Amino acid sequence: MNRARLETLLTEVADGTLTPAGALDRLTHFPTEDLDFARLDHHRALRQGQPEVVFAAGKPVDQTVTICQRLAASHGTFLCTRTSEEQARALRENFPSLEWNAPARTAWLPPSERAVALPGELLVVTAGTSDLPVSEEVVAVAAAMGANVTRLTDVGVAGIHRLLAASEQLRRADVVVVVAGMEGALPSVVGGLVAAPVIAVPTSIGYGASFGGLAALLGMLNSCAAGVTVVNIDNGFGAAMAAVRLLARLAESKR
Amino acid sequence: MNRARLETLLTEVADGTLTPAGALDRLTHFPTEDLDFARLDHHRALRQGQPEVVFAAGKPVDQTVTICQRLAASHGTFLCTRTSEEQARALRENFPSLEWNAPARTAWLPPSERAVALPGELLVVTAGTSDLPVSEEVVAVAAAMGANVTRLTDVGVAGIHRLLAASEQLRRADVVVVVAGMEGALPSVVGGLVAAPVIAVPTSIGYGASFGGLAALLGMLNSCAAGVTVVNIDNGFGAAMAAVRLLARLAESKR
Amino acid sequence: MNRARLETLLTEVADGTLTPAGALDRLTHFPTEDLDFARLDHHRALRQGQPEVVFAAGKPVDQTVTICQRLAASHGTFLCTRTSEEQARALRENFPSLEWNAPARTAWLPPSERAVALPGELLVVTAGTSDLPVSEEVVAVAAAMGANVTRLTDVGVAGIHRLLAASEQLRRADVVVVVAGMEGALPSVVGGLVAAPVIAVPTSIGYGASFGGLAALLGMLNSCAAGVTVVNIDNGFGAAMAAVRLLARLAESKR
Amino acid sequence: MNRARLETLLTEVADGTLTPAGALDRLTHFPTEDLDFARLDHHRALRQGQPEVVFAAGKPVDQTVTICQRLAASHGTFLCTRTSEEQARALRENFPSLEWNAPARTAWLPPSERAVALPGELLVVTAGTSDLPVSEEVVAVAAAMGANVTRLTDVGVAGIHRLLAASEQLRRADVVVVVAGMEGALPSVVGGLVAAPVIAVPTSIGYGASFGGLAALLGMLNSCAAGVTVVNIDNGFGAAMAAVRLLARLAESKR
Amino acid sequence: MNRARLETLLTEVADGTLTPAGALDRLTHFPTEDLDFARLDHHRALRQGQPEVVFAAGKPVDQTVTICQRLAASHGTFLCTRTSEEQARALRENFPSLEWNAPARTAWLPPSERAVALPGELLVVTAGTSDLPVSEEVVAVAAAMGANVTRLTDVGVAGIHRLLAASEQLRRADVVVVVAGMEGALPSVVGGLVAAPVIAVPTSIGYGASFGGLAALLGMLNSCAAGVTVVNIDNGFGAAMAAVRLLARLAESKR
Amino acid sequence: MNRARLETLLTEVADGTLTPAGALDRLTHFPTEDLDFARLDHHRALRQGQPEVVFAAGKPVDQTVTICQRLAASHGTFLCTRTSEEQARALRENFPSLEWNAPARTAWLPPSERAVALPGELLVVTAGTSDLPVSEEVVAVAAAMGANVTRLTDVGVAGIHRLLAASEQLRRADVVVVVAGMEGALPSVVGGLVAAPVIAVPTSIGYGASFGGLAALLGMLNSCAAGVTVVNIDNGFGAAMAAVRLLARLAESKR
Amino acid sequence: MNRARLETLLTEVADGTLTPAGALDRLTHFPTEDLDFARLDHHRALRQGQPEVVFAAGKPVDQTVTICQRLAASHGTFLCTRTSEEQARALRENFPSLEWNAPARTAWLPPSERAVALPGELLVVTAGTSDLPVSEEVVAVAAAMGANVTRLTDVGVAGIHRLLAASEQLRRADVVVVVAGMEGALPSVVGGLVAAPVIAVPTSIGYGASFGGLAALLGMLNSCAAGVTVVNIDNGFGAAMAAVRLLARLAESKR
Amino acid sequence: MNRARLETLLTEVADGTLTPAGALDRLTHFPTEDLDFARLDHHRALRQGQPEVVFAAGKPVDQTVTICQRLAASHGTFLCTRTSEEQARALRENFPSLEWNAPARTAWLPPSERAVALPGELLVVTAGTSDLPVSEEVVAVAAAMGANVTRLTDVGVAGIHRLLAASEQLRRADVVVVVAGMEGALPSVVGGLVAAPVIAVPTSIGYGASFGGLAALLGMLNSCAAGVTVVNIDNGFGAAMAAVRLLARLAESKR
């Protein structure tokens, strides 16, 4: 039951062609259709200035292009994650202004006019150069969502001085995403240095017993720094969205 | 928004004190309250002749008694699973007609008049005597739900002749629950012998590398008999409820 | 000992050329050969209107064709699962009426005359579009077995309203197969909405810590909705067969 | 090198008894002692209106009391998590105004005057009643830290209508902590309903294959709702601290 | 269909009261009842001189005594594994000649006259003194089954000379059971020293990352000595039975 | 210290140029060199009539050929396991009489005259056709070692009658190797049917939650049939060698 | 063949009653008995100034006392690890000079005169106070072995400044043992600060997903600091012995 | 704050343009910048005679060359691990004196003049020929670092005599690295034979249940030889660096 149909029903009640009891009956038998509104409302809220996100991994090239064309038509923008080079090439042919971030594997069509910018500052801290594809996904997704993003790279805990030298930058951030593989210790150290929210992203980088990122994941879940939260292995997209949720709340609370 | 309030709203639309647009606005801003109805309906359907189920494990004795008293007051019956002896004793003091199945750890207050009996026959097959606490939970829960239950016990695959000798009984059943620990092989053999639905319950019985039932669980999930389904380790309650869903559907389809 | 030989033996007893004691001796020394009959009977029962199922994954193309030719010769139909494109092409050359379902990877030779149709309705609910290959396998296998199948797709729990909008369709089904990857939460929500049997299929779709579908599998085994059963990861075939067992029982109980 | 010694050094440079080169040499050979200051500063910042947190599990009663006496002497407040009843009794004898939250196992000495209250609202959503000890820890710790906390309890996904009925309350929150055991599906549904940050806490509640909360943990890490973050199993303390980090940032950004 | 009933049937065919066709029909509809014979035969074979084995763990004392009384009555002997001290005491009251092996947790009633002794020699090699309860179970069970058992103890690989000093004893054995915890390396070394069958038993002895014997189990399964076989963790009973199967075959082949 | 040097030493003692005390000193300082002898003896014993075994997986083609040429030169025979087609082709060019078993991936150069044949009969039982590569490795290796091998194939437990029909063949065997993937239940059923030693080989065949054969491995380790032993996943070579150890012992005991 | 028998043999060769060939024969047929010497020699070397180590966990009190009495009689000293309070009390009754380290659970009888002290300095770094039982075991065992041990405690990575403040102490150490639970990140930071060998000990301290120390173990194995080595979970004894091996080598190299 | 800026600050204090209080304030607000010095000092120490190490796996060829050119320019040497053949070829074109160790996958540019050689002897013991790539990485890295390395190869525990024959070589070594796959038992035996530090490297060599080296890793962590330490699976680089830390300490202690 969409808005139009609900309007019709209520008009019928108003003009007497449907009794309240009859309307009650129809409403109670289609309890979920009303939720169409919520869905639409919700979508509208989500859409404000922010692109829809397509998880492109494994999607056929033509299907990816079709989805993006539909998104571009209705919203004027789109964002793809885990985009292959082949998909990116096909998208660029259709959308010359496409921004293709190769290491992050994101393909973004920036909207013609940028509606909303998120307040505050997101700092993306990366342990090693091998973790960069994941942290670049954080950067690309968050930037597409309107966040103000800065980077702090190659500050793994085995050379702790490099991180400490950036303590000023760390303390300034409103939310810190920390990307690390191997033992995943960096979020613990960062969590001890800053008071802001820290979102940890384990990566699948490591020798044998990293077990595809399990070691870093467990390390981050067991962080001795209180209040560090964790997302899935290599899930830069998820970390960016978590940061965006937070920055959006800052915006909300400022109004 | 409950039924009463929705009725009021519709009456207000009918008598003109509320415009359709105003009603539309109120309805769309409380999209979920309509669902109260579904919940109530749903509960009513569930309640017909069937007891509510209390997972008693770890609940304080007095809290368990209170919950059961409330259920008995409104429905005239209740069923507790994973009930300790101490909980059972306290319940019996309050409900002399309580049926306490010690190995199954169920405590059931039978309703004064039994409303609905499920059609068909549920056969509970058990591999070894150590698995009996779990299979007795299947029996007790399903029986309380109105199912007609029979047992086939101690027919583990290492003495396959015992199972084959019961092939007539196996073929008669409308649904078969197979309870087994150790390597969990019995559901595969049963699944090959019968055409009826087979629900497998792994138990935590076994030496070291059973890893608390993991071996049996994986065995059952990998059954070479097509169409065997599985519930959680030691989850006799879940298997009984799955069987009841199925028998209830038989009842439905007979109408 | 096949039927012919048993007939001979009994005739010999009848005409006195073999004493009852001698027959007893021979029968007890070949205890399993009698089972030949059961096997044949069983096969005949299974075969009625339903194709044999070939697990084609990894089989050489020529071997796959040979097996299917033998099945087609004796039963007039066959069904292959996990069929590669190359296998499918070779089969089509031999069987022009072959139905090749590319996403489901099934290849089915429909029988010239359909003997038995299963009663009731199987609803296949899919969480995300990435799960479609698995749910299409459910659909293709169940349909080949004679089931009446409908689909409900892209109703993952992160946008719960989409599922609720289909509650009517959900309640109508006689058995629901729910296919989901990632956290595998959809069967729990569906299990709470319907009273019919719910069979959950975890898929291997997900980021790093899905561990090839383990996360979804464990989620479904631990479903808080009572009576949800589970099959192996990506095992659309198994779920279809479990549903067919159930629908066949409905047919049985209607007679 | 503490502040006093650094002051002496600088004075010596100022009055010429130490050359800049000599001071440079001494400073570069004790690079970390300067950090004493940062530590003190940092501690001061952390301490503002917020109690120190003692992880009491396994600590001898007398040692626990001694630590708390020292904290009370210097800060006028303390907070213990995972406190046993015996520890709590001993603490109350020493601190009559102690607030002992039995299910949460927290023991808190409220400060005589509350310095800082955090802005915004933290909503703690709990799937089942068995998860309450963990969610009560969230509530107790966050409240002690100055957060404004509300609860939404027993809204597991198997009866999704209960959650939807509270959508207004969900949307109002500035940060949502979702506590769930078994399949851990609730954060996915909540994450789809709200735009605010969602912190998921898996609990160790469940049958065999929950493997002590592993099923819920994996489920939450694989959430299909973008931007949900996760803490360790049963780690109500960690979730509260993550929420406090966020609310503190809201406070920061409002200045 | 037991022997008596089959005899009746055949007699009826012989005297013409049942036609061969009728008999054929009845036989083919009860295919499994014939297997009664096999079962009886099988049992007789198993029973020759060897006690039945009762897995006593978790069985109530009275139930354990009852089972053993029944076994003693029909076979004149019994063997219990994983027997508690309380069970053993109760058994001794009933059977004064009971042999109670405390570390092995076996309780054995020796038959009044020993019928069959197995040929050959079983050598049980134990890595450390902590592994003795498991190796003693091997010794007690195999001895009760009629095997000739010798021991070689405390010859862990970290002091390899102790093992090499016993090479003569090792080479003499017809089958070697090797019991080891921790890294489970001993079977590999033994397997390289002897040509006889080697059965490895991992024990749950070890520090944290032995994970209850998993380390030893995996080590033994990956043994670089060709042809070493493995039983479950702490499963001394299983290893003894495997050795007995082998020694019995030696006996068979000598006839 | 090799034989020559030990001879020299003893001669020196005999002719008085070295005192017993001096010889004692030298001998005790080179304790392991004596073992050179044992090694030679041991090798000689192992070599009698049996080929050396080369694990060819991953070895470069030329290196594989070189090793085999050396073995052929000294022993007149060799056996390679896990041989690639490319390796096999290169070997055949050098050894025209090479026997290349493609599914088993073994390449065997039969000795010109066969010295020793093992007594008894090894039966290799296979659950499904997908398990054949592993069971063929058992057959090929055991046959090369001189064993008399027979096969029983496609007797998975979901169609138990096929196995029971072969009970005569099962009972005749001196040792049974059972190869099965998926839930690995077949060894339990076989172990219950025969008194001979049973060696179980799990294969990596199966859907998702077989986890590369882990499900079958755990199933076999937890077999409810007493005395079944297990080798590593897909380790047909190991099972063959375990069977050969046993058959060799039969030979030994017959002398 | 012990020393006495070897002496006899050599004397026989010397006086001509045994030919060199005959002696050669006897020596080569008892290859391992010579190793008796090596064992004794080896033991003597090990014993110099260092106590034997008894793993007391699970040993009966009387057996523990007996073993220690035998060690005290022959060596004048002993060391027990994992000693229970009851065992310690019984030992003290027999050995009034026993040193009982309660948190470390070690019981040590110091030798009357200390023969050898190891050179260099062992620094034991501990992350949190909950890890102290493990690090105290390192200290007690290493001290009993003659090592010079110092401690650096409560320097977890969440407050990195505490560790950096001790950089002088860290750089001075010849070998560093780092004990940490939870995410086990401390060895990575320490490994980046010092050039000396770093031995990491994971502890079982942590919330749910530490899985009994697995998280810390994996973290340490994946350390991004090159050249950090790891011992088993909670294995303070092993870390101490690894450090002692190293310090003993320093002593060796100084000679 | 770098050295230049600190020098300026101190000069300002010395000439009175900055008060000690002002300098104190600035120093305490930039606590970490001082650490620049430590970092530089540290790097200088590390650089003495030892090449920087590049983990080349996955790096683009041109990027690898650029990094190495920069290292060669400043240090005159570099070392790459996990170098592909393509990377090695490109490096050799730029650096004709490059030493490319194909099995070890290391590419090393030796410095024109070798500054420092480490004292002592590193012995690398390898279980099987399949483990050689890992042990060659140990050799290549340690040699590049200035260590004196010898090899002992193909001495797996299934033929223990081969290892014992090399006991002299084993006892001579100052540090032993033991490389083994499968059950990983070799370090236990070696650890029992030598008093020197033993570093164990598990490799991923093995059949199915080695689980990519997990079996060997767990085996080594549970070694019954006291004081054996472990590095990550296949981590030859880490073992070499651990040995180098130790040999460098020997050098230190000799001064």
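We just call them A, B, C, D, E, F, G and H in the order they show up, numbering each chain from 1.
In this section, contacts are C-beta pairs under 8 Å (C-beta built on N, C-alpha and C of every residue); 3 or more make two chains touch, one makes a residue touch a chain.
As the structure is a computational prediction, the values presented were derived from the model and not from experiment.
K.L.:
Please decide if copies chain E and chain H contact each other with the same set of residue positions, more than half shared, or with different positions, and reply same or different.
P.N.:
same
K.L.:
Could you check which of C-E, E-G or B-E has the same interface as F-G, with more than half of the contact pairs identical by residue number?
P.N.:
C-E
K.L.:
Nearest 5 degrees, what's the C-alpha rotation angle taking chain B to chain E?
P.N.:
Roughly 90 degrees of rotation.
K.L.:
Please work out the Cα centroid separation of chain A and chain D, and write it as a whole number of Å.
P.N.:
Going by mean C-alpha positions, chain A sits 25 Å from chain D.
K.L.:
What is the distance, in whole Å, between the centres of chain D and chain H, each centre taken as the mean of its C-alpha atoms?
P.N.:
Comparing mean C-alpha positions, chain H is 39 Å from chain D.
K.L.:
If you average the CA atoms of chain A and of chain E, how many Å lie between those two points?
P.N.:
Here the centre of chain E sits 59 Å away from the centre of chain A.
K.L.:
Can you pull out the residues of chain F that are in contact with at least two other chains?
P.N.:
31-32, 35, 38, 42, 159, 164, 167, 206-207, 209-210, 214, 217, 221-222, 226, 232, 238
K.L.:
Throw together a list of every chain pair that touches.
P.N.:
All chain pairs meeting the touch criterion are A-B, A-C, A-D, A-G, A-H, B-C, B-D, B-E, B-F, C-D, C-E, C-F, D-G, D-H, E-F, E-G, E-H, F-G, F-H, G-H.
K.L.:
Flag every residue of chain G that touches chain E in the complex, lowest number first.
P.N.:
Counting only chain G, the residues touching chain E are 30-33, 35-36, 38-39, 42, 55, 58, 202, 204, 212-214, 217, 232-235, 238.
K.L.:
Once bound in the complex, which stretches of chain F touch chain E?
P.N.:
Those residues of chain F that touch chain E are 31, 35, 38, 42, 45-46, 53, 119-120, 164, 167, 174-175, 195-199, 217, 221-222, 226-232, 237-246, 248-250, 252-254.
K.L.:
What residues on chain C touch chain E, complex-wise?
P.N.:
Per the stated touch rule, the residues are 3, 6-7, 10-11, 13-14, 16, 19-21, 23-24, 27-28, 31-32, 34-35, 37-38, 41.
K.L.:
Which chain A residues qualify as touching chain G in the complex?
P.N.:
Touching chain G: residues 127-128, 156-160, 164, 181-185, 188-189, 191-193, 206-207, 209-211, 214-216, 218-226 of chain A.
K.L.:
Can you list the chain H residues touching chain F in their complex?
P.N.:
Counting only chain H, the residues touching chain F are 130, 159, 161-162, 164-168, 206-210.
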